[in-house]
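By letter and in written order, the chains are A, B, C and D; residue numbering begins at 1 in each of them.
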């Protein structure tokens, strides 16, 4: 065991730190749940790409830096510490990208990876359906192969598609075998959202902004070349993506460490009033310790993976841990803010309340999406502890 | 609404208070989980009977005072405030007694109630079986009617029978119809524990003392006169008893209010060291509020019942509330005691640690017995909220 | 000893429940969010017609002359529908404050109008930072430097502050004491302010109980219908226990609410502790309800379209209004940790 | 950056695990409860033969010369079997204290004996109130008034204090400094005491992780076999979630344990915070395990006959030993709330 960074890693940290210092917009961008903010974030993706910081874990020949997981964690630490913009293209770069590299044909890689990397194409997911949420295998939206076998005809509905309102492309799972049950007979398909027959209906979230959308498919024609992996093999392809989603890439610890730091600062700024309630100091210290525990554990997992280990139930344990930590930290911040905690950020007397309320609302989604925490607990009990399913 | 005690109630409180002041043993009795302590508690029951304080809710003609529920709550308040001994005969007086009055024949009432009241007969329950715990309807111990119809032949096993080691009588449920399923074909039978064929095996609990026992029945002959209610009607009779068990009689708030009071005192005595951990003050205040909430809610229920209301899901909500409160209060006390919390009461340096450790161990049984808190939560969800069973 | 509500009290609650549930639909609330004031004069007159605006106004002044205990059940119903009108504020804070302060001119001048639904008085205490519904108030009663002033809204500067709950209308208010009528100062003001705070805190606590009940009802219905893995998700034990955990805590906050109302009506010495106890317990269960109910709704609960957030956001807002948790914990501590505290069995009533 | 244990470390852990699980059965533990000393000389020699008593003794003195990091995995295994012997105390406290204090005579005199399993040194810090295993110690090292003394057990008065965990042997010890050898005082003593406390705290924290794992393993097996309502109770979601809640918290206490050991070995400035963090996290998860595991056992878990209580009671005892929660929370606060605290992303290592 060796818990110091190598010279190379330190140099890497310096490099990204100075690049971010020079390039992170002075003014925070508008949220990408607005059209203007979406455009601003798209431009930021271009800037990242030009600096070759867009997808550092990708191979060099694909515009990445072939970064290892430790470099990835360092990158994220600097990225969050610099308060750099959220990644509007995370579905593409972190979820679909790696899957494409694993399952895609040469043509598909050529066709899609570059547009993804350059920020030209923003991707959204088409997985959940009204009756296939936690139970993804219940997917019904169907794709029929045309008689001449040149394309699929897609009909049905997807929902909870994050950032779909202004996205360009969608990757999703569709049932190609109408006779099939559960996770059989599903196929992974990539399609542009401007195809004829596609209707995108924005869904406003808790803050009123259209953070996700429903997507309706009415006899949408998609060329077979847009199929990722074999027909009926979609589940396996999707699981790889899901592994990433719940895994390291999207929930690196930096985000929660920075929230914990801001919470400590908020506590210090409001010490006199906060210490009237002993529970607050308790919660602030716990937030720090839990963020630290999440970081240490993530580094340990990353090192294990680098040495060829496989990811196991970590995907479930960390989903629960970070999502509950995130809720807990924001709840604590709101109690520190007291009577002004309910103010919206733009309220005239909201000085000092920061973005904690928005963060609190967003934190509500953590225990829900990508498999509810109840599902994760089932997985831990059954797969990690070996408890009986039925 | 009128939240003051009537003159009569105040006078009643004065009466029991002065009787207790004159009669409660100066030295606490040994625990009734020891033979000597059991005998001491039996004598205390006699003393209570002689003062007509043994079962005040019983009708006068049966040696009680026909006390209403408010008087009962007042009695308990004074009883616990006086640190009077625990009731070794609670199974008889509070569980079986009322059931006998409701379902018993005149002969049975004559035969059993007096011995119960005078402390001559201490009763234990014979309900749970190795494979019928939370699932009481899974009872297998069987009672066969003899050919001449004069008695039952009992075979099988009961377990978790509290205070059975030195008890005189047992009331329990047995399957009289071998063909029957679940809660059908069960019969409620009363039997002395010195009958031939009965073996009582003590079960040591967390503190090492035999607080409960297994009872084995090997061709035990019991006269039919000992059947309470009709043959095959045992479930209905038992449910009445269970209603009492989870109901008001055994978990009147006084016990928890006194624990909360002792906790506040412990906190005050150890204020300097306790305030090093802000979580402790928080927990002490919560203990007081929860004990208060339990008291207020119990009084409200009692008044509703007096006015002819029926007891509903209260039996489940209060089971969860008091058992978690009890655990929480004792856990808080142990953290106040710090490094000395683990000491057994008789340890030479245990001065000041009191009985918190014993109380903590006993508190572990609260969420388990008389229907685990998981079962209670199911009941609340299904019967109180009307959520779907399957 | 009688801890039950009267038939009349329960029947009144039922009729108010029926009226509010049919009138104050989620659609109506969403509609009011789109309006400038966020308030409906028509709704206010309806409430007046039922006698609710004057429920605590003495009969001599045209009200129903009812007490906090009479109103506490109704306040729960106001919470159940997330009522977008200052009824609880009026019945629990404004009117009692006027009555307690005993200024005959004010009483004769305002109470009849309040009972008739023709006037609204908004009370602003420093503990609250903001004044609720100041924009529709005909009179403001404001705390400043330990004194209470009657302020003409026209002579005050209102600065609107938007809450996460779009139905809550909050205002930072500035005024010049020289241009206002001082109602009380010193000890008298302290007592009036404390009583007003207790009334407001109990009011939102009771509303919070209604909010929790509403969120549970919505969620029980949703989870009984919503299917995953081929069965209603309400059959999953984890979902059942999420709901049960709200339900049993809710049961144990109701009696303390009644006791606190009783303590206010009878000016009991333990009133501060009683009010703070229920404020803490009710806001805790309401926020637990918010947390568990959005969870069992899944992504649906995270949307603006499902009605849950109407009640959830108010539960969030109430956690720290009319005294935050720290304030109320301290008041409980003042009672419990006092050297002469009467604790233990037999000391509850 | 390499946060993994070496193959050797993992293999050593595995062999120690196999040895302890086969040797330290619940039956053996119950047997020792019946003995006067509660300790087994035979067991101690077995541990010595495996090199465990001298695992942190420098090779020059006949030990394995291993570090806290090497031992932290083994300490978890000691907890897994609730080892009734002062191995963790020896490896994490006694030996490091001797080595740190650098008294050549003591080193030469005692370290070889410890490695050979022929001597036991018990360390008593005021933070602990009691001294573990003083009754079988050949030498006591005791804190008094800020100084450290080497005390001949024959010249000390031992007063046995029975713990809820019958395997824990606690003693109040009195001695006369005049009759003892002063090892250190002032700043040197402060440093030694702090280091000893960190070693002991990390030791019990690591043991607590093993205890939690053991209670989970016992409970998973029990709930997989035990049937109610016709099915294994382990199929009930509430039971699964009781277990899952332990398991995921346990996962997040392991890396902090390794980091704390590393911080001790490398004398990192953040060592106090690192040790206190894992002490709090490990004892919290062990006590959660106790609570949830007895619950899923039902009445069975409340008995003396089921083995669960062997591990449960030790988890209870460890919560407040080698520094109670207040002590460790304060040390974390000292680090986090310091004006020059380095918090946030990138400051963990």
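The rule we apply is simple: contacts are C-beta pairs under 8 Å (C-beta built on N, C-alpha and C of every residue); 3 or more make two chains touch, one makes a residue touch a chain.
Bear in mind that the values here come from a model prediction, so they are computed numbers and not experimental data.
In terms of C-beta pairs in contact, A-D outnumbers the other of A-C and A-D. Taking the mean Cα position of each chain as its centre, B sits at the greatest distance from chain A. Distance between chain centres (mean CA atoms), chain A to chain B: 53 Å. The geometric centre of chain A is 40 Å away from that of chain D, both derived from CA atoms. Of all residues in chain B, those touching 2 or more other chains are 279, 281-282, 374, 377, listed in ascending order.
In chain D, the residues that reach two or more other chains under the touch definition are 236-239, 241, 329. Residues of chain D touching chain A in their complex: 1-6, 69, 216, 220, 223-224, 231-232, 234-235, 237, 239-241, 243-245, 247-248, 251-256, 258-259, 262, 277, 280-281, 329, 332-333, 336-337, 341, 343-349.
On the chain D side of its complex with chain B, the touching residues are 127-130, 159-165, 168, 170, 172, 227-229, 236, 238-239, 291, 294-295, 298-299, 301-305, 309, 316-317, 319-321, 324-327, 329-330.
Chain contact summary for the complex, chain B toward chain C: residues 1-6, 9, 13, 70, 74, 76-78, 80-81, 253-254, 257-258, 260-261, 264, 268, 281-282, 284-285, 288-290, 292-297, 299-300, 302-304, 307, 314, 316-317, 320-321, 374, 376-378, 380-382, 384-390.
On the side of chain C, the complex with chain D involves touching residues 236-238, 241. Those residues of chain A that touch chain C in the complex are listed here as 128, 131, 133-135, 138, 159-160, 203-206, 208, 212, 273-274, 276-277, 279-280, 327, 334-335, 337-344, 346-350, 357, 360-361, 364-365, 367-369, 372-374, 377.
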